[in-house]
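The following pair of complexes shares a single chain, subunit A, combined with subunit B in the former and subunit C in the latter.
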Partner chain A sequence: MKINYRQLSIITFMSFIALKFLALPSLLYLESKNMSMFVSLALMIIDGLYVFVILDLMKKSGEKNIYEFMKNCLGTMLTKIILILLILKYALVVGNISKGLEFFVVENLYSEYSWFVFVLPLMILIGFMVYKGVRNIARVSEMVCWAIVIGLIYIALKALSGIDLLSFLPFFKDGVQPLFNSAYIHLSWFGSATFLFMLFGFVDFRSEKKSKMIKYVIFAILIVQLLYFVFYGLFEITSPTHNYCISDISQFSSTYSAINELSWLVVSMWIVAQAVQLALYSYCLAQALKFLFDIKGNILPIIIVILYLFMWSFIGENTVRMERIFFSSFASIVTLIAQYILPIILEIVYAIKNKTKRNKYKIERVKDERKEKNRDKKEIEVNI
Partner chain B sequence: MKVDAVKTLNEIKRKLHDSGDVKSRTVQFFGTQISLCYIAPITDNELLNNTLIYPLINFSDEIKGKDIVDILYDKVLANQEVTIFTDLQSAVDKMLAGNTLILVDCAEKILGCDIEKITVRAVAEPPTSVVIKGPREGFTESLKYNLALIRKRVKSDDFVVKMLELGKMTKTQIAVVYYDSIADKEVVKDVLKRLNSIKIDGVIDSHYLVSYLQRNKNSLFKQVGDTEKPDILVGKMLEGRIGIIVDGSPIVLTLPFILLEDLQNSDDYYTQPIRVTFVRALRLVGVILAVLLPGVYIALELYHYKILPTEFLITIMNSTQGIPFSPFIEILFVILLFEILYEANIRMPQYFGMAMSIVGALILGETAVNAGLVSPPAVMIVALSGITFYIIPGQASQFSILRLLGVVIGATLGIYGILLFCVFILSYLSNFDSYKSAYLAPTAPYIEEDQKDSYMRKTIDEMKKRPRSISNNKENNNRR
Partner chain C sequence: MKEKKKTEIKKKLKSIFSPKKLVLWLSILILVFTVPTFNKSAMSQTQAIVTMLCVDKVEDQIKVAATVLTPSQDKKANFQVYSGQGDTLGYAVDSVSLAIGKEMGFAQCKIMALGENICTEGVMQVLDYMTRTKKVGRNAVLVSFTGDIVDFTQAVANLNLEKTLRLDRIVSFDKQYILTQDSNIETFYIGYYSPISLGLMSKVKLGTSEEFNAIEVAGADAGSSGASNSDMNSTGSGGENKKYIMNDGTVSLFKQGKHYLDMTLDEVKKANIFVNDAQKGTVVVESVTDHIYNDAKVVVNILKKDISIKPTFKANTPIYKTDVSLTVYIDEVIEENPSERLLRRNQDFLTNALIEKIKEKMETDMREIIKYCQDNKVDLLGIYKHFYALENKKFEKYLDNMGENYLDGIEYQIEIKVKSEN
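Moving on, here comes the complex of A and B:
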């Protein structure tokens, strides 16, 4: 059940835009003000570079899954610790997407209804997609990707005329320090390449075209930047009060009206994107749980993930604010290790292990050659 | 086996429970008694007289010392398709398929002569695949004629026909047809294995085989393709598919099947590519409207009326004012009415058709609206959705169920539910791999080369390769 390189590129694209159009732009503005776009741009570029680092590891792992690969490189104990970190990362993303979806749905589409009505079909869908595996998620992403992209571009372009370019000036008024602070605090909203760890052994590299992945990553970065440009241009200093970027752009843009607007249907496409992203990270979470506890079948980890998803429905808005604070501290460390440090460590350990192996092989070969020479000498002496 | 012209004849009649249509004739051939046994309704009487009885009576060559059976085989029936049987059961089986048995007294073999009377309707344009341009020939209920229609188009030694017999009671002839160098050998093997393992008392129509050939038995979605036209079948075989022809059925099954096939039409290949691309886009929109329109309408009316532009909202509100039912019941009522009218219409004698349309569309629809039972938008929405079903007739029954599901989901969960429903369907279909071919190919997985004949169509000369969406012999992928 492998996925091809194009499908991998598309789910990478989906992962890159996941979480970006919810509360992130308003949170970024708190520290980095009108330079927030630079923070997201820089972090997304770094994420993009890490995609290729992890892909390189993936190729080196061959048919091995991440657990086997890490066990070979780092040993069982360290592997389990790293898996716990990855589980935390995936769990945070799943929680964040599900909460984002909840607010998007309840606040924008069903203000009089409880989320509990809507979470059950979502659980069924996610459970089904995760059960069917990554190929299923990849194929669905392939089909819905362009509809989502068209929807996003439509929203951005329609609101483009309402933005004030002067609001971006002056550049770097408070220096670059706030940008670094903002980048670290909100690191957990990035790390979009971490999902790749759970795809080790599931990608068919025969059709590999690096340019394809580069195009999709650049495209994702451009779309996010376009939406952020529109968002900050529209809301300027009021940006921190707009917690749902995608719906707020449509709702408060001067070219839209709050009601009687058919473009809400386009905005609704975002639900599809969220569902697919949720399925992707739920799959990663289930896989990581499976590896950590050495669970044989797929059902048990899926049930755990689905129940976890359901659990988020009980978390109210205040708790979510707390969770965001939590996100800004603990989660940043998790992301820092899981995405930015782990691949480098794995690359180094793999290189050292390979070098040692190669040296061992060389030494053994030299020994064998010597032995053969000695044997030949003895044979000659015996013959004489 | 020792044949006794009279005793064996009686044994055959006894075997067939003295059926009234089993007839026999006895002639003397150089002093030896010969009985001819046949089933009258399926035997060509004229051929029987001219090619069997007349030559037997008038044969005057020297036969000194020769075996009568050999003389019959070599000389009297030299122009006929003759089979030699050494056991009675296989001879009777063949007789039931239209052979006339020749029972020569004291011989050790029975001869069977194929003079079957083929009762078949004329080759005509099938009502389900009417074309404006292109061939109008359609398959009939005769396997022989159907094979002839294919052979007429296929003059290659690469074309293979594998004959099977299925059905304990009906002993129906099945032909599996494909191009040896194009079809995927594994798929051919798999199809033949599945067909050979079928245990059934009768195969009345090709659709009897469908459930044996499809992987997901209880699925709503079609997994085996079908066609009533030889040109379509040959086109599909040239892409690597396999055809299954069943004697007695004008519908030929094709495998592997992908969803896109139903979006294509034989007309498409005889029309300008730009027009085809436009029409295919229309069909796709039609599918979306057919399945989702009533559900989306209910969702908008019940939950998201704020989304609608003001003028549109006012029009709908004016139209729905005073309707005693909720939008859900209203739409459900109109859908039910539509489905009943549809069922009645297709089974009703043709001369009632026009009256039915008038009663259904004008009187029932108009009266229901005037009486204030249903609103005009509800009628319009269901009618539009109903009409768009038949843009893709092959999937109409599935769409009808999906539409009902869409209505229920739209009424309970609104737009959110409809969107999740769409993702669920896509996810469900993504797993449907039929005989090594992905059901949603070439969209998911995306196959660039096959886009030349997917939602758009390029000219025939640009389609240099066979589609990769269908499992075929990849080494013989070039159409040139």
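Moving on, here comes the complex of A and C:
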């Protein structure tokens, strides 16, 4: 079952905003202080550019899936190594979203809430969505996308008046080094285009409009930046203490109003969006496992992913341990290779392979032409 | 063979997910989640919903008093006051929990009130413990209070019974008029962790009706509880000892988390001229004499205030330039013998003489509050923040020379424009 270009754009949009509204803004502030917005902006723009690089590869692959495409370009051995890297990347994202969601719901949203009550239905839901495939995920994304967008804009605009612009100044007081450090440490939160690898062969490019994807990517970047602007403007120096960006923005004011209560509707909708993202990356993880171990059928990889999700409920029960996993150099290196180096390598190898093919084709054609000419000459001589 | 297996699996899956079996699955799921709750008591039986927490220090012991909401149809029994004490804040809170046999739940705690003694000693440990360990929301309104902790808590609980009045709303109302900022735990934290380490909170006073004219609360003896424990008391401040709370606009100023000084309403109003958020206010000018007024006292209401602050440096001297633009209307004219001109319609009562008087008064007020800041070494007006943000390098050099006395070396330029609402 293929998805169309519009659905692909919406999934990409959701992937761009999914991981950005929990702990990331507060973590960025630790290193890059009032310049944190620059770090996220820069990394999101790079992610946006990579969407088009991977889409270009996807088009070149035609009907082939990523495994077949990479095998053609790089050979089986290298493909398997890269698949392991992709599995690590997806596993990190799945772990990050699931634990983020669990912390948010179990610890922040409710005062007494058993993780088991949350995790069990979530696992069933994710298993079902992954089983149904990417088209199902795309359709749910289409359904919730605009509600999320309106909600996020509403939360941001409502809090906009409390912002102190002076808290963003002065720019680059400590130079650019902290920004690079911050970008590297938190790279695993980005790399939002890596899910595209597992959609090779699943996208119908007949209705392709590049401008549509550009619009969605730019829109995602703007929305994230708007919320970050509000977050840093409101909390200033206390930003690192706010692990739940989206709910903390809506709870900033102590004045009561009916409109404040609406924020919780937005937060609830956003939880749905997170669940969809969890399903998307679980799908990618299941696909990658299927390719790596050459598993027939979808059930076994789905069971592995569900067990992996369950495992996350036991480990990393506190944020400190979670941070050690996600913000280690290991996670950054995995993202660096999976999203930023792999597409370039594939583009180069594909270009070289094509060039040699074209050269071979040219040489053969020249040889054929010569042969024909020689044959013609001989025929003429014979005739004479 | 493979295709056969595939079709078999598909058939099996279809049978698992058939509508009838889905209903069965759903029923099992509901049972899994509901049955374990059957032997558990209702949350209201195990958790006390704290709506306000007061903390103070009494004879080397931390004393806490909490307003607890008990869901009930009886209006008077809704809010109960419990108190306890211990060597540490944790012990004090636990002593209340032990006495009432319920865990104290602070998720709905919307007000945190801090007594005079704890304010003098330092409030950051209290706030840190309550927000980090007890999960009090950072948007809880923060107030300081005078008087006995239990009496204060009871008086506020009684206010809650009178559904039209609530302390958090009374204090929040000040925001436009009196307070320089929304006084909650979050803003206090931001102030504390800023380089000048300054925090503000409203000060609510407790007293008897003879002491001041305050809000009278009906049914002041309501909300008393029958529990008896050496550590825990519940009091109704009713009967003859009826206590009242009063918000007279006093603001407590904290430096490095400790109570530093109290600002009167008049001082806060003057400081608010520099703050954009505080839009409303009045200016009273005396002895206005011109073609309309005859030695009149004029009360002018401020409708709108635009303020622009430009920090600059001129030959190593920092200049703090403040432009204030006011849109006003005349509220009251107090004159012994009002001139008949006051009766005329279609006349601009905002005369040049009055404008000059308003400007003069405003500038005097602004200079007075600057002097107040210099004398007390408190940067109420955010001067540090402005210079740090907009003239960073020069200001850091200047700070190296001036240190804590940086407010003294700044040249303050003030320009005021006044226009009528028409």
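Note that the second predicted complex is superposed on the first by the 354 of 384 C-alpha atoms of A that agree within 3 Å, B and C clash if a C-alpha of one lies under 4 Å from a C-alpha of the other, contacts with A are read in each partner's own complex, and residues count from 1 in each chain.
Following the convention adopted for this analysis, a contact is a pair of C-beta atoms (placed from the backbone, for glycine too) under 8 Å apart; a residue touches a chain by one contact, two chains touch by 3 or more.
Being a predicted model, the structure only gives us computed values, none of them experimental.
K.L.:
Per the contact definition in the header, classify A:V140: touching subunit B only (first), subunit C only (second), both, or neither.
P.N.:
First partner only.
K.L.:
For A:K296, decide between first (touching subunit B), second (touching subunit C), both and neither.
P.N.:
The answer is second: A:K296 touches subunit C but not subunit B.
K.L.:
Could you say whether A:E347 touches subunit B, subunit C, both of them, or neither, answering first, second, both or neither?
P.N.:
Once the two structures are laid over each other on A, A:E347 reaches no partner at all.
K.L.:
Would you sort A:E68 into first (subunit B), second (subunit C), both or neither based on which partner it touches?
P.N.:
neither
K.L.:
So, does A:P121 touch the first partner subunit B, the second partner subunit C, both, or neither?
P.N.:
both
K.L.:
Per the definitions at the top, what is the overlap between the subunit A residues touching subunit B and those touching subunit C?
P.N.:
Overlap of subunit B and subunit C footprints on subunit A: residues 117, 121, 124.
K.L.:
State the interface residues of subunit B toward subunit A in the complex, per the touch definition above.
P.N.:
Contacts found on subunit B: 303-304, 306-310, 313, 413-417, 419-420, 422-424, 426-428, 430-431, 438, 440, 443-446.
K.L.:
So in the complex, the part of subunit C that touches subunit A is made up of which residues?
P.N.:
For subunit C paired with subunit A, touching residues are 2, 6, 9, 29, 32-33, 43, 47, 105, 107, 110, 135, 137-141, 168-169, 172, 175, 182, 184, 186, 189-190, 193-194, 382, 385-386, 388-390, 392.
K.L.:
Hey, which residues of subunit A end up touching subunit C in the complex?
P.N.:
Per the stated touch rule, the residues are 111-112, 117, 120-121, 124, 162, 166-170, 173, 235-238, 241, 248, 251-256, 296-297, 299.
K.L.:
If we count contacts the way the header does, which residues on subunit A are in touch with subunit B in the complex?
P.N.:
Answer in residue numbers: 4, 6-7, 105, 109-110, 117-118, 121-122, 124-125, 128-129, 132, 135-136, 139-140, 142-144, 259-262, 264-265, 268-269, 271-272, 275-276.
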